[in-house]
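A single structure is presented below for examination.
Each chain gets a letter, A, B, C, D and E, in the order it is written, and its residues are counted from 1.
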Amino acid sequence: MEYVSPEGLRLDGRRPLEMRQLRAELGAVSRADGSAVFEMGNTKVIAAVYGPREVQQRSQQLNDKALIRCEYTMANFSTGDRMRKPKGDRRSTEISLVIRQTMEACILTHLMPRSQIDIFVQVLQADGGTRSACINAATLALADAGIPMRDLVTSCSAGYLNSTALLDLNYVEDSAGGPDVTVGILPKLDKVTLLQMDAKLPMDIFENVMQLATEGCKAVANYIREVLIENTKQLENRRGV
Amino acid sequence: MEVDRADGRAPNQRRPVACTRGILHRAHGSASWAQGDTKVIAAVYGPKAGTRKNENPEKACIEIIWKPKTGQSGKPEREYEMVMKKTLQSICLLNVHPNTTTSIVIQVVNDDGALLPCAINAACAALVDAGTPLKHLAIAICCCMSENGQILLDPSKIEEQKVKSFVYLVFPNSIASVLPEGSLKSEGEIMEHGILTSVTHGVMTVDDYFSCLKLGRPAAAELSDFIRNNLKLKPGNDSSKAA
Amino acid sequence: MAAKGGAAPATYSPSPTTFKKKRPPIFTDVDWVRPDGRDFHQCRPAFLRTGAVNAASGSAYAEFGNTKVIVSIFGPRESKKAMMYSDTGRLNCNVTYTTFATPVRGQASSDNKEISSQLHKSLEGAIMLDTFPKTTVDVFALVLESGGCDLPVVISCASLALADAGIMMFDLVAAVSVSCLGKNLVIDPVSEEENYQDGSLMITCLPSRNEVTQLTITGEWSSPKIHEAMELCLDACSKLGKIMRSCLKESASTSQE
Amino acid sequence: MVGLSVGEKHFIQGGIAQDLRTDGRKRLTYRPISVETGANGSARVKMGKTEVIASVKAELGRPNSSAPDKGKVSIYIDCSPTAAPQYEGRGGEELSMELSAALRQCLLGGKTGAGAGINLSSLSIVDGKVCWDLYIDGLVINIDGNILDALGAAIKAALSNTGIPKVNVASTAPSDEQPEVDVSDEEFLQFDTTAVPVIVTLTKVGRHYIVDATSEEESEMSSAVSVSVNRQGLICGLTKRGGAGLDPSVVLDMISVGKHVSEQLMNKLDSEIAAAEATMEEE
Amino acid sequence: MVGSANGATDLSSEMEVDAFRRLFPLRFHERHLLESVRPDARSLGKARETSLALGAVASADGSALAKIGCTTMLAAIKMEVMTPSKEAPDEGCVAIDFHMPPICSPIVRPGRPAEAAPVVSKHSGMIDLKELSLVSGKAAWMAYLDIYCLDADGALFDAALLAAAAAFSHLQIPVVSLNDDGRIVVVSKENGEKAKNKPVNEEKRKLKLRSIPFALTCILHKNYILADPTAEEESIMDTLITIVLDTSCQLVSLYKPGGPALAYESVLQDCIALSRQRVKELQKILNEAILDMDVD
């Protein structure tokens, strides 16, 4: 199948190095301590953060740092075909773990010992790159909740199809079976916290693809920063500062 | 008459037995036990703190996890687990470690008849390897009644399917004691003549059952000697063989 | 059923239930006769007995026509370990069906949770939960045979079993349902009637306090019809309440002797 | 779920008794409702802070042998853990099940389908062979009371936004075989939602009952009755929550009040749905 | 309450007996055993009162309710049609399930399978599977036997086996015919005239039971043998032995899963003798129940 046309256009009309439309909104869930909606094209996720709060299960309590928990769920209607999977299937568990580990790396957990922070991520529409979208939404929600972090974590994916490196794969491109590199970075510190790939790729091409994904992460970081600054300004206005 | 078993054994002849202890590093005790082509690995973990609900916390609890060779465990496996649990519970000194659980994992490597007796023997060896305090050992053996009324010892899978009925018997092993002769007898019976566990399949006459007992007892005594010798060896040594 | 034919154990029931394609026309007529020959507003004879299960703290057996139910009560006893502290007692309800309860084997086992939660909702209003703080009362019901009106029978039987177990209650709980078939309201419907009903109304009430603890309606109803059906049910509930009361008195007097 | 002090409890109860609730509403006033319709067969409804999404998907299936001339409808509700941490893992299952059951009861009518909001016969394609299976999925994103009414409204909006593809049946198929069907990509039949009822939940606090209760108000309830009412003013289903018993006359009174309120809600919803669809078309 | 030797004087008032029973259950029972009597006034070798009711469930093809003391078992059979396997084209099948629903005992809670369950659902060869054949190679009966324990008070296997055997003797196989689609349908009275297809099993409405097995569970404790134990006795003295004999006194099963007491040959002989006696009793009870049913 042809994923990049001779004119250099992708199936959804993007250029290979073009990202999908980003949209983010803070405070989507009123009861949560922090929440955010994050959209990357047709992929749409909600993240809600509860905490820091008392540890619910005593046996899990950590005395030197906060306990971070994460749950990833997909709505039944999020995919093209209606699915009815039991909660907590392997894929969800794996992604929950990835998000948890990524967020744990940037939260200053040692400042909140003996407490618990829950991150719930709900996928409303899935069109490729849910992992990245979830991480971006979780970052925003954590920032909204005012949880101390080393830096924002942002994530983006890139792939390699038809001998072309493609930024931010959608569902059709993702299911083409080619390599899919998901990268998560701490943009200010310029450090990689997440790197996932489950296919073979020559070393030099991999470097290119990863470079592309990292650029994508930086773009997301810029957008997220804008959203946060905008939100802060609004809060200031409301307070009349 | 003797040669009508497929593998040329005499009716009262067991298959060769092999036992190796300490084959797993992470387990507290482990053993593999083979009788002919039937082979089972047993691993002992514990005692671990706490018992499950509905178990007596004043005693140690024993838990059997039976892993079949392929597939998921079903009804027969659960039945094996039950029988093994009750059998091993009665040879362990449960009062030594109250409110603990010892897990015994049985992995079937190959089933060629007499599977449950093989697993019980393996578990016994693994318990010794783990140093679990025991009253005595349990020696399990299988006898079956062939169509022509002959009693065969330690049947293979094919024989098990052909015969009309079979019996699994578990005896306590003979105790080498410093106590004076006779003090271990109760009611005038010799201890190793008592049955610890008996499970039968298929219809037989009462007399047949007692003939099975008669045949099984000396075989169990032989096995008992084999285990005793094997336990004297250092664990991890190469398997010794007994015919 | 036949559509399911796959590699799975391919057994099927030879009973002719699948062949009744059209609903029998008699139900829409004004003067049809109910399958068991009852009047529209006549309940099935009820047989109730307490103390059916020795191992339980309280139990009851109920038989309404072909609907046969056993309920056992255990407790008040220790709550499950995972439960948080609670200064009122907990009620735990569980309803199961036997595999042979329905005409087709194992058909009714799917919606146990729903029926269990209905049972819970109907009973919780009648029980003085603060008389057994920190503990749980388990209400386990087994439907031996399903012959229509399973839930109301389970509820009535459960309240009798609770009384037998000596759990403090404001009142017994009696439950009755009516089916709407065409223009007719029939009380205490059998399975066959339930399968062809246009609507149903179930009331569980505390007969001597004249209080409704649970009410469910399905199908399309006008207000006057709801009124009529409720009257019918409440009347039947108070009668059922009397039967339950006399059953309890009887068992109390025999145990004294 | 909601921790309130004694003072706050009194404030809520007192407000309700004086027909002036904490957010300034009267007893029988709804919070602002907003309806947003999305792509084919989906809608988002906000009632105050309560936010739910409903989606309708149609698949081809085989009708049940007991009702060969009818399609099938199933309703599943999920409570997202984003709404409250206790719905994490399997924690939301109980509430999800209860909501699903209540909605089925309120929307799908009796056993024969009388009073159903969705005409099951219209979902049939070939009697006994092919029909539409309608899957209605609801997702609760944010909870601030009165989820059932919001879900009912969202489902109504999603249904009115659902197009079911036109199906051509190959007429030559022999009677005992599964007929070949051709699902059209272009022609859609709009779903008729005039019969879909609305759900009104009356929550009893003290001696009075209120509509559209918030979480705080729900924590003070003794019992709640949800009535589903269609355009003709007929009751299509009723469920009760909460343990406390009610006098039969009170129940009847609540039903009549529910019927009265439902008219306003129905009109409000219809205009909101129309407005939402209009904005969709503009885009 | 301290000494056990002078227990008789301690146990003068009723409250104290109850307390003693709860605090020192083993001593309480051993005191009884010394006098060769059990707390429920039975002698050691005597079984509890046993009753049978056939046809307890109308929705099943065959059913029976068995009671041994307080232990209650309900067994019911539903017949369904299956295509027999290639290896045995003219044999039916029997599927046995044993259920411990939560109502039967305080230990069983919903969601966890009762430990005792798998042991009970063992197959006994009393039915000739060939009798369950309908059309060779095409259709055969699958008999689903479900046994529910309604009240668990010891000797569960004995009661379950009795209920199962009684359910099979109550079983009425429906008359069926082969319809045009190759499916088996019930010949009912209403559509009897239009059923042009001849019934395939008019003569085979009842199963011939070859020889019916009966079980007796005994407790071995020290040198005592207690027949038909209650749940209380089972929980205190935990060496159980279950012997199943059929009507011709063949041994169907001898099941002893471990336990601190060892079974010597003499003990086995004694148990078998008790079982022989019990088989006669149970056979009589079963025959009476069948006769009662025939009269009705």
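One rule holds for everything that comes next: a contact is a pair of C-beta atoms (placed from the backbone, for glycine too) under 8 Å apart; a residue touches a chain by one contact, two chains touch by 3 or more.
Predicted model only: the values in this text are computed from it and were never measured.
Common partners of chain A and chain B, by the touch rule above, are absent.
Here the chain-to-chain distance from chain C to chain D, counted in touching steps, is 1.
Among the chains present, the centre nearest to the common Cα mean is that of C.
If you compare A-D with C-E, the chain pair joined by more contacting C-beta pairs is C-E.
Note: centroid distance chain B to chain E, computed from Cα atoms, is 29 Å.
Chain B and chain C, compared by their mean Cα positions, are separated by 51 Å. Look at where the CA atoms of chain B average out and do the same for chain D: the two points lie 62 Å apart. Shared interface positions of chain C, defined as residues touching 2 or more other chains, are 2. With chains as nodes and touching pairs as edges, the resulting graph is an open line. Here the chains touching each other pair up as A-D, B-E, C-D, C-E. By the touch criterion stated above, chain D contacts chain A in their complex at residues 42, 49, 51, 53, 55, 57, 59, 76, 78, 80-85, 88-90, 93, 135, 137, 139, 141-144.
Looking at the complex, you find that chain E touches chain B at residues 107, 113, 115-116, 118-119, 121, 125, 223, 239, 241, 246, 249-260, 262-266, 268, 272.
Chain C makes touch with chain E in their complex at residues 2, 9-16, 19, 52-57, 59, 66, 68, 70-72, 74, 77, 94, 96, 98-103, 105, 138, 140-142, 144-147.
Note for the complex: chain D touches chain C at residues 62, 65-66, 68, 94, 97-98, 101, 105, 108-112, 114-115, 223, 225, 230, 234-248, 251-252, 255-256, 259.
Contacts from chain E toward chain C in the complex involve residues 56-60, 63, 70, 72, 74, 76-83, 97, 99, 101-106, 109-110, 142, 144, 146, 148, 150-153, 174, 176, 183-186, 188, 191, 231.
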